[in-house]
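Since the structure comes first, as structure tokens, the remarks are kept for the end.
Every chain is named by a letter (A, B, C, D, E and F) in the order it is written, and numbering of its residues begins at 1.
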Amino acid sequence: MNDPSQQRSLVTVGEVLAVLAAPDVGPLTLGSGLRLGLAGAESNVAAAVSRLGGSATWIGRVSDDALGDLILRELRAEGVTTVAVRDAAPTSLLLRERRTATHSRTRYYRTHTAGSRLSIEDIPEDLVAGAAVLHITGITPALGEGPSLAVTRAVDIAVDAGVPVSLDINYRSLLWSEADARRTLLPLLRRSDLVFAGPHEARLAVPGAEEPEALAKAICELGPTGAVIKLGVEGAYALLDGQELRQPAVPVTVHDTVGAGDAFAAGYLAELLAGEPPERRLRTAVLLGAFAVSTTGDWEGLPRRHELDLLDHHDDIVR
Amino acid sequence: MNDPSQQRSLVTVGEVLAVLAAPDVGPLTLGSGLRLGLAGAESNVAAAVSRLGGSATWIGRVSDDALGDLILRELRAEGVTTVAVRDAAPTSLLLRERRTATHSRTRYYRTHTAGSRLSIEDIPEDLVAGAAVLHITGITPALGEGPSLAVTRAVDIAVDAGVPVSLDINYRSLLWSEADARRTLLPLLRRSDLVFAGPHEARLAVPGAEEPEALAKAICELGPTGAVIKLGVEGAYALLDGQELRQPAVPVTVHDTVGAGDAFAAGYLAELLAGEPPERRLRTAVLLGAFAVSTTGDWEGLPRRHELDLLDHHDDIVR
Amino acid sequence: MNDPSQQRSLVTVGEVLAVLAAPDVGPLTLGSGLRLGLAGAESNVAAAVSRLGGSATWIGRVSDDALGDLILRELRAEGVTTVAVRDAAPTSLLLRERRTATHSRTRYYRTHTAGSRLSIEDIPEDLVAGAAVLHITGITPALGEGPSLAVTRAVDIAVDAGVPVSLDINYRSLLWSEADARRTLLPLLRRSDLVFAGPHEARLAVPGAEEPEALAKAICELGPTGAVIKLGVEGAYALLDGQELRQPAVPVTVHDTVGAGDAFAAGYLAELLAGEPPERRLRTAVLLGAFAVSTTGDWEGLPRRHELDLLDHHDDIVR
Amino acid sequence: MNDPSQQRSLVTVGEVLAVLAAPDVGPLTLGSGLRLGLAGAESNVAAAVSRLGGSATWIGRVSDDALGDLILRELRAEGVTTVAVRDAAPTSLLLRERRTATHSRTRYYRTHTAGSRLSIEDIPEDLVAGAAVLHITGITPALGEGPSLAVTRAVDIAVDAGVPVSLDINYRSLLWSEADARRTLLPLLRRSDLVFAGPHEARLAVPGAEEPEALAKAICELGPTGAVIKLGVEGAYALLDGQELRQPAVPVTVHDTVGAGDAFAAGYLAELLAGEPPERRLRTAVLLGAFAVSTTGDWEGLPRRHELDLLDHHDDIVR
Amino acid sequence: MNDPSQQRSLVTVGEVLAVLAAPDVGPLTLGSGLRLGLAGAESNVAAAVSRLGGSATWIGRVSDDALGDLILRELRAEGVTTVAVRDAAPTSLLLRERRTATHSRTRYYRTHTAGSRLSIEDIPEDLVAGAAVLHITGITPALGEGPSLAVTRAVDIAVDAGVPVSLDINYRSLLWSEADARRTLLPLLRRSDLVFAGPHEARLAVPGAEEPEALAKAICELGPTGAVIKLGVEGAYALLDGQELRQPAVPVTVHDTVGAGDAFAAGYLAELLAGEPPERRLRTAVLLGAFAVSTTGDWEGLPRRHELDLLDHHDDIVR
Amino acid sequence: MNDPSQQRSLVTVGEVLAVLAAPDVGPLTLGSGLRLGLAGAESNVAAAVSRLGGSATWIGRVSDDALGDLILRELRAEGVTTVAVRDAAPTSLLLRERRTATHSRTRYYRTHTAGSRLSIEDIPEDLVAGAAVLHITGITPALGEGPSLAVTRAVDIAVDAGVPVSLDINYRSLLWSEADARRTLLPLLRRSDLVFAGPHEARLAVPGAEEPEALAKAICELGPTGAVIKLGVEGAYALLDGQELRQPAVPVTVHDTVGAGDAFAAGYLAELLAGEPPERRLRTAVLLGAFAVSTTGDWEGLPRRHELDLLDHHDDIVR
């Protein structure tokens, strides 16, 4: 395998949160054990790309304490290059309750934290300009003016340098309204080359359309040359340079749905970096989604490249 | 929200057991970790009603040691008023083995214990006479002569004071024979206003009938003005003041079926206390059943009122 | 035993935090399991007093989510009356790392939280004026202007109503400087009747003195009629209405030192409420300190009254 | 019940491994908790037969350390007679990763270990010659020349003494190639009386056939008088003394598929030892398979005889 | 090593309880995880003797359910021969709370249980008459008239057959008064050959004496030819056939004191069975006591013979 | 802080094992939970140096499976540069039993494993020649001829390039005899600049001497200019360029002694890399030893530079 450190890198900008997740089903109100880990839409993608053999770089702000060390330690463990400003503010938290067997609830501690203090100065021009692809999500701009400007700055650099921009809309209703999201994300979307969205997220950008085909078409009319619509158990639909592609989902037993969207985007982008054709990109995207839902956590169960086979055929494992 | 302490209360009489439940699947014979908690058909109902904003009072006997303290501490935590005689006898135990993924086995330590020494003197007349509803189950009379007389005494007071009586048949084959149960429960049923039963339990009271409609009708012919037949995945059927009602179940992933019957009764009774119409009572009853089976434990996963929505629609939660 | 709900109550004002405590020794940087619980200097005292049979009331602000429910649920479980304004802001967090076998580290999430939004309107005049004793600590005034004014308001009411005021200095260097603490706490101390302090905390109030005797004397010259100096493994020294008292510590194996100071104050105050003489108050104070250090957690291991004997003699427990 | 120690015994020859199994889903690469237990195709069968009331004896080599003691301790606990040569070499290990919710991965430490040093001298002639049945699997011959000769020696003794031989093909691709397996196992199969195989394993022995009926027929043409084809969720097909038998599977929720094959063989053999007719043997075989997949572990969840009922009817267990 | 099954056996009569032990320090009142295991003074001795290579047999009554199976399974695992009448009554329970770091509390469920229904018919004459030694404790006679008569019957058989009788006084204040214990145990003691006691227990039998030397002398004047006084951290004193022996304790870090007395007796008796001289018996006795207190549980951490060295020298283990 | 990636690096050569450690006290024979981690004398030093801000590189062979990935992932997480040949052989294992509270036992699976196949070709000349220091231990040469030659090759390169060589004798009796160790290690020691040893290890190299002073002197007479004698609770003695240094230990509560020696060497070497004077090197060495024994695991609890203060003063932490 090539040395990822010599490849041009997927670069992404965002926030990593410390995750406090209840392993057992039941209300937090009764007290609980929790597991401390980390997650973030952009770092999830970076880690997943790295596991598939791609080079990945994450830019962000990180608290100057044990939780900040935890974040950098784990990204390093995953082979992700980190460009992190340390900040005296604390790390954002995500408290995840498994209220019932199928319904989780989330409480964020995400204001006045290190990640939300990301600023325009934190974006290293050379690094973005030298990227293989810049991947951004709709979450970082929702964190405040600083992060929003920082993402815009990264897109400015990428567009100027001819670096393709990938945008996962990733709408989070706990962070902002649909109207605010549309106002902020549309300018970014117009300048992106590739857009990932679920049907609901896509409609937020292109309100008129309904079906995947229409949504992707409407998105591409705004500027991007590619739009990939994530359809969950229906798989995915993509419109890439005018070409339509459909990919059914990989049937798996659902264990934990968290992180499926990030895994999907990462699967696509890792193959893009590897120079693979669109069919393969989409196939790996749904495969990574399958890994995400059949393992625990946001990114922890995602595959290394040689593990892709594990879900790529469907033999029983009775012995 | 109104202050529950100012409302007239659901009053219930029964026994709370300490539960020793194996969290993992496998035979106890190999040793095991166990979780110490508490449960009881009547206290389950009281806690569930309290979570839904109703006032609830539990009457019973409790050991004068750490397990007795545990019981009172947790009922207090749930906002249930406790009227408890402390007793030198130990707390009853329920040892629960998850023998296979779907089959649990129970061993009781329930003789010569505090709860089974409940007596007629333990029932405070004023409290029962001032209740909004008296809720009893077929379990307490099965514990011995003292508890049986105590329940009868409570019904006497309620009937005299015009307090409606609710009876959940709750037949337990480990405690007594069907013949003994019928002999003891029929007089109580005749004086009840509302009866909850599964089809098998209903047939125990009204042996001739088969279908929910016939069972409810036969029960109401014995005295009660309402009969609610719990039908599991089929939902519920009710005959209330001659009016028929049908409520389909809420489809959920089954996680742990323990406590579904108590949750159902509590959902119904909480809405009765809140002055809601029968349709709403039955809807909340099946919703609480759905919470019970999609969370762990006897009552621990039941919802507060604002949480009812969680299972009241069926969106996917993929993100 | 008397019914605590009929007694005049110890009233206290403060914040309860959700505690996320690592059960195992090691850096959080490597990830960890955590236990979710709750703690707060004032609520620790209220719970401990309640366990010893006293009536205790806690006034504060609590988030309107699962963690807020957790706080109210547990205080209710401990028999503490809660007077709580619900607030949309989140619950403060305390992340506790056991960095080595003997050194813990704490990170607070305590700004812009429900507890820090406590305000003067949250203090019910009747309740404070009717208290047996008002207990405050130096922590609440450190949380911001609102909490500081709220505490001052409570002291105003108490002093006007002739309710004795107890102050535990409880200096926290993570919350404010010594200079700020002195400026804010001295006026409260002057109007208090009883003061608890460690030697270092006492010196903060009365900078010239060194030894327990001199510190207590200097404190009493400022207004209070009682000063209790906590001396850790040396026990305690008290100057009460001019009378000197010394109490050696109860020798125990130290398991977890967290919560010893609150336990000490609670032991003293519970006996004060019970009308016990000073010697007994001080004896119970050191006994509760002994329970705190020989059990896990902030308050969880503190004794009910009948359990005091457990550490009151020192037999071996070999069998 | 008869005293198993007075019955003629099922005798089996093999290796027991220490199992290090991850209880949670996720890659071992992130570190993990593991549970230490034991397993081995032949000892699984012996333990299962013993639980059903049969007499069972296991012959093998065991390390002279704590893991060897663990193996002998647990087999003794299960009532299995052990004839074990202690060996300075370590116990073989089986590291089991639950890579996804449905896909496990196994790494063996199985070379230069005690079990693989089994030799022809370790087989006590009297014991095998006095057996009720000799049960062997295709695993032991795959461990090396010593174990292969030892198994052959056991078959020699059995055939000479008129003891029926049972062979479970149990092909393991991690241990040897299909060609090697065929070459070694065919001579053993020809001299066996009864053969257990899945369709794929059967084809390894009789390459031409496809369907269960043809596979069983082809096997019996090689020598055995009985062939039982395990069909997973389809149940089983058997050709016994020219008689065809079909047994549907017992429908259960699949919890953990490990050990289903060994359980199946054990169910059949236990009833053979008990003198039960073929229909009953096959019924118990699929019942044991059902227990294996609806409990955790290789053999831990298998039933005692009085527990067979638990899965033998299909009532719901809602209460 | 000789085959223990060919040796004459230590025979003991008693009850085995299921133990539910809290692994963590804190009040059970807050709920808890518990570990399910087993213990009993007599079976602890039998298991410990078996680990040291001696033959050991346990006689008792055992419930006919999963807990009874657990007891027989574990004793079998330890190589103890069990002569057990199965009984429909449940297994006795022992609930163990670690109330503080150094103080445990126990609640028994020990009435109307299988073990307490032991009767005179349960004692097989041949087995006792053929024993190497009969070991009894003061616990079994405290369980009721049946067990008391059964123990007396065993002593009758032993004395008639010339089998030496060993008695560990093992006074349990939760089971009976000192007066009752003295009345019942004195006749047994007079007919015993060897008595184990702590100083307090010895005084119960021979009230006048104070010091170990006087206690042992007084005991031997009642009949026994040997008296061993257990002195905890002071080691042990023995008077054996008029010969005095003193053995200092093995200094260890105390981890869990439960089971030290049983371990001590077992160490002595195992060496007696092995024909070792008194000095060696006493040395192994204190060594086993050291193992008991430096490991978890009642008997689980006791050594096999080759492990005795582990605590028999005191090198540091820094590496 | 400087960028470690730009510094000259401590380079070390060795094996990393997967560690399977029992978290609880007791015999593995009863089954157990285990924690999967990693350790190795040389990688422990590299990780510890990296935490203190130094640059560290580890050279070795690593299995081509999940355990090999685990090793590389964690070293990367710790900021250690890895130069690893992947090998089809499995990772060595270390099974660690906490037999009593103070005595651990270890079983290795260390033959025919990836680490033991280290060969002379695996040592990159440029990397060693460019090191700030080459650190080796007496463990790698004990693993076989390949590793022994590889270490010698590394020393050859270092000596030729003028890179100082540090040797920690680290004698392991489970791996080889004292005579073999002496024969192999003496030539390496003669060419080293700095030697770490406990008194017993030092005597292995220089058999005549007894006291730390004499041992260090005798070692330096063989070639090295520095000898550091580790004295456990007595601290350390060093002879450096003829200069004597003594450093008392930091008094701490001992939690787990594993890894203290490696931590000590790492503390010394990190300060050497940072250009600190000998007194500071020795002070940091004993501080790291103190961290090792007051936290869990081989290296997991070691400090980052800013954490050194935590044990560098001894205030109580009562609050």
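Throughout what follows, contacts are C-beta pairs under 8 Å (C-beta built on N, C-alpha and C of every residue); 3 or more make two chains touch, one makes a residue touch a chain.
On a predicted model such as this, the values are computed, not experimentally measured, just so you know.
Trainee: Tell me the fewest steps from chain B to chain F, where a step is a jump to a chain it touches.
Mentor: Each step joins two touching chains, and the minimum needed here is 2.
Trainee: Between chain B and chain D, which partner chains are common?
Mentor: Neighbours common to chain B and chain D are A, E.
Trainee: Farthest chain from chain D, going by mean C-alpha coordinates, please.
Mentor: Checked the centroid distances; the maximum from chain D is C.
Trainee: Farthest chain from chain E, going by the mean of C-alpha atoms per chain?
Mentor: Checked the centroid distances; the maximum from chain E is A.
Trainee: Could you put a whole-Å number on the gap between the CA centroids of chain E and chain F?
Mentor: Result: the chain centres lie 46 Å from each other.
Trainee: What whole-Å value do you get for the distance between chain D and chain F if each is reduced to the mean of its CA atoms?
Mentor: 45
Trainee: At least two partner chains per residue is the criterion; list those residues in chain E.
Mentor: Within chain E, the residues that touch at least two other chains are 27, 30, 69, 73-74, 105.
Trainee: Taking the top-of-page definition of touch, could you list the pairs of chains it picks out?
Mentor: Every pair of chains meeting the touch criterion: A-B, A-C, A-D, A-F, B-C, B-D, B-E, C-E, C-F, D-E, D-F, E-F.
Trainee: Report the residues of chain E in contact with chain C in the complex, numbered from low to high.
Mentor: By the definition above, chain E touches chain C via 24-27, 30, 99-105, 232, 257-261, 293.
Trainee: In their complex, what parts of chain A are in touch with chain F?
Mentor: 69, 73-74, 76-79, 304
Trainee: Would you pull the chain E residues touching chain B in the complex into a rising list?
Mentor: 20, 27-37, 65-67, 69-70, 73-74, 90, 93, 95, 97, 105, 107, 109, 111-112
Trainee: If you look only at chain A, which of its residues touch chain D in the complex?
Mentor: Per the stated touch rule, the residues are 252-255, 291, 294-297, 300-301, 307, 310-311, 316-319.
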